[in-house]
Amino acid sequence: MNVTVAFVGLGAMGYPMAAHLSRRFETLVWNRTHEKALQHAAEYGSRAVTSVAAAAEADILFTCLPTSAEVAALAGDVISGAGNGLVWVDCTSGDPEVTRELAVRLAGQGIEFVDAPLSGGTAGAEAGKLSVMFGGAESTLEEVRPALEAFATKIVRVGEVGSGHAVKAINNALLAVNLWAAGEGLAALAALGVDVGAALEVINASSGRSNVTENLIPQRVLTRTFPATFKLALLAKDAGLAMDVVRGARASAPVIAMTESLIRAAVNEIGPDEDHTAALKLIERWSKTEIR
Amino acid sequence: MNVTVAFVGLGAMGYPMAAHLSRRFETLVWNRTHEKALQHAAEYGSRAVTSVAAAAEADILFTCLPTSAEVAALAGDVISGAGNGLVWVDCTSGDPEVTRELAVRLAGQGIEFVDAPLSGGTAGAEAGKLSVMFGGAESTLEEVRPALEAFATKIVRVGEVGSGHAVKAINNALLAVNLWAAGEGLAALAALGVDVGAALEVINASSGRSNVTENLIPQRVLTRTFPATFKLALLAKDAGLAMDVVRGARASAPVIAMTESLIRAAVNEIGPDEDHTAALKLIERWSKTEIR
Amino acid sequence: MNVTVAFVGLGAMGYPMAAHLSRRFETLVWNRTHEKALQHAAEYGSRAVTSVAAAAEADILFTCLPTSAEVAALAGDVISGAGNGLVWVDCTSGDPEVTRELAVRLAGQGIEFVDAPLSGGTAGAEAGKLSVMFGGAESTLEEVRPALEAFATKIVRVGEVGSGHAVKAINNALLAVNLWAAGEGLAALAALGVDVGAALEVINASSGRSNVTENLIPQRVLTRTFPATFKLALLAKDAGLAMDVVRGARASAPVIAMTESLIRAAVNEIGPDEDHTAALKLIERWSKTEIR
Amino acid sequence: MNVTVAFVGLGAMGYPMAAHLSRRFETLVWNRTHEKALQHAAEYGSRAVTSVAAAAEADILFTCLPTSAEVAALAGDVISGAGNGLVWVDCTSGDPEVTRELAVRLAGQGIEFVDAPLSGGTAGAEAGKLSVMFGGAESTLEEVRPALEAFATKIVRVGEVGSGHAVKAINNALLAVNLWAAGEGLAALAALGVDVGAALEVINASSGRSNVTENLIPQRVLTRTFPATFKLALLAKDAGLAMDVVRGARASAPVIAMTESLIRAAVNEIGPDEDHTAALKLIERWSKTEIR
């Protein structure tokens, strides 16, 4: 049996993901600006379609869009075009609640909607080495696994539909907290004249280490480059989704709650399009120092 | 030249550290309960002395005590016994300010006082693979480096005297924050029925990962063992020292500040002698769930 | 012209409010359990109707329900029964966003929907001395003012529709923060052996005073009575609405954010039906003391 | 018996306090810059002395200085000049721990040291209508009460020596929290177009009201005047003392802890000499709005 896949949303993540799919499957691509789809077809041999309904004729439909609002807005078109037994795999960093509601609505139309947000960034997408947080039935995961393996080296089922988005939101909230706290601590050390690079070296051999201290701060903050590969506004959005998860669970998360608000302050003061690590510029101002 | 070293404080860390020293140097040992020193001498060929003043006759004096208060209390005895050019290396997780004041006072007596707190825990002490955060002059570090190498595989000078303690305090504050936030996020996921083990697997391949998510929670929380290798009360002490560092720097650290207070709540509610990871039991109660 | 009013929701607030209206206006009353409406009719001369549609035939319809979800669920019935030019005044402590959406939808049906949440509690409702936070057009306020004056002595227009709910949510968030912080401070003083009653006396003559220190803590906490007139679960709901307001405004509110999460912890640990001041029992446990 | 009093520290508070004392008692005055003392003597008939030791010859010695460090620095001079049974009443907004240590030391010299910090500000000092938070023995309070009544209309004993400072620190911490939270909430309302003045009017008839919403924000923030009668740097100092109180009590106070750090950020960003209400300018930046 030849499986046909479709990819909607050829952004910085989606474009290379669809390229990996094209090497293994007959792949339809659709993008809001059609030129991008035509370019992808020319470059990778995918087939550019002119409507979401046409994309929905595939066996598996992937979406990778800014937020769940854009995903939900496609539902009508997908329903109108969907063939029998479509599986819709949403790779957006989305909203668990919107996702669960959408899944119920689509199930009524014979469409299975699952969530599969990613980690690994654009570098992982280009290398085809993403990690996938899968939310949906085990049997569905087995059905779509060959397609996921086109761009992912780690695929973990974390629970029912919506769970992938929940885990992704919490992961990014932990990124936010770990980043903010490291900024606070290193700013205080810098203000006291401690050698921040040396401090990081030893923290990274100690219990306080994290991806933030091992990678982000040495590469982006100490170098003062702050390359905008993951924007502050997106971190704020994800921290907000994490608080939706917390409140949906009627759980208590004071540290995450407060950090979400501080990240929002950074968006408003430093700028939404700056790299997420540029949030530390705000802490530097609060502590009258520079982390270097 | 034959260097003589002395070790004061044969606790869970100091006992094996002094053992490693004994293999390379003539080593004097002193402990509040003398039996411990005699046992060490019998076991490792060190020499048990009966006073701190006698220990201070060595070329290099190590201390490894609960807090800087115990260290400062030894100063009189050390001064009375110290030979010419003693270097006193304090491995306590100490207070940077007390340390700086002590260094000034001891310098007036011809004693060089430097700080060298450790990371790696009792396992690292036993294996002789600790990391050292050194605060003091470069030339002093070169003088004591052969002795430090008896028990440490990573030695980093982070600044002037007191800086080692400051970095250690901030490291442990980051541990506290990363731990607390991970607990909050995982408790919310658990309350929603997400598979926490699977969530951790994928977080550990993602941007939110830390020593806490990679090691502490899988080994201590998911297993429900909470082995008390680093007690809650000590984490609270170190978070308090971190806030002293922050305030000494006239810096702003709202996330660390708040986490210090939450850790104090955990000490009072869960118990000072429980493992630091048992703080998550408090978050579980707040969110009516269990992280497993 | 004889104005007819209707009241839906004869709870602890609504029952006495409808009584005051009955003294001045022809008043229809409806309640989910009809007996309550019959009792009200017997007691105050109002007229018990058997459907929301029948209530909507009045000139002004009041609702006072637990949350905006219950209010929105009535919209279909109200539309089906509404006569020409109905004004619907919602006194619920509601959700500004749900309110704004409902107002747009009802406007399309010729119904003007405005929000008028209250302060003053059940004592104020019984005395007819409530305060009203009005969100809606000035001209609408003038239209309904005579009816509002039946139960309120202070009526303030704070902005367009939804604004009343926003102000009420923020007011209750300030109550939550002021309460929590006072609990923290007084617990620390109590733990040190300070006379808490004397401390409150002087705080209430000083800059740190608030409704919490002047009234709630002396009357409810020091007396250890914690009378459940405003439940913890409702304070948690309102603090959550306040964070919705903050996030809708893309504003930053770390102190309110964190307090919302702490109040949620108190709901889960102390109980949703306890008085809101019983949140301080949690702080007492965290600080191993009692505020008395 | 004619009681002689002395006043050390003729600042914005001390100058008018000493004036009130001069009307009832023989009053010695001392100030770091002697001209100020001479001016006071000329204006109010006090007697300017040229040393603290000379001031200590009075029966009751008042001090009102920036911090406890300046108070402690006088101890030697006071001891050298003190007559039999001197009572030293410290009106500084001081540090409870320094105060307790000083009291023990002075007791050994026959001097009774008590704390009596004030509220009411410069207006209260000029009017002679201050409130006093007294920490010390009841019998000592009776001894000094006639002198305190020269400038205070409310005198409350809150506990043993140091307790007055502790209560003052907590009061000011509550001021800081109430102020910050009100700023957050009003900034969000302002960003949504709500009428802030009207919102305050109704909040001030509701449960969220405080001295901050009733007085400070209407008078200082809405008017955009921010008159510097109580500087941000002093609020930061007092919030820091409050955290010392909390930690001394081994209590947990996450909301106060975090607010202290945010106030520190405001000091560093807005300026130490600005009025404490100018902290809200920072919140306005974080939320891209103005509270007006």
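Every chain is named by a letter (A, B, C and D) in the order it is written, and numbering of its residues begins at 1.
Throughout what follows, a residue touches a chain if its C-beta (ideal position, glycine included) is under 8 Å from a C-beta of that chain, and two chains touch if they have at least 3 such contacts.
Owing to the predicted nature of the structure, the values given are computational and were not obtained by experimental measurement.
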Could you tell me which chains are in contact with chain B and with chain C alike?
A, D
Looking at C-alpha means, what's the farthest chain from chain A?
D
Any chance you could check whether A-C or C-D wins on number of contacting C-beta pairs?
C-D
Inter-centroid spacing, chain D versus chain C (mean Cα positions, whole Å)
37
Chain A and chain C, separation of their C-alpha mean positions in angstrom:
39
So which bits of chain B are touching at least two other chains?
246, 250-256, 258, 262, 264-265, 268, 286-288
Touching residues on chain B, where the partner in the complex is chain C:
254, 258, 264-265, 268-269, 285-288
Chain C residues within the chain D interface of the complex
96, 119-121, 131-133, 154, 156-160, 163, 166-167, 170-175, 177-178, 180-182, 184-189, 191-195, 198-199, 201-203, 205-213, 230, 242, 245-246, 248-256, 258-259, 262, 283, 286-289
Where on chain C is chain A touching in the complex?
240, 243, 246-247, 250-258, 260-262, 264-265, 267-268
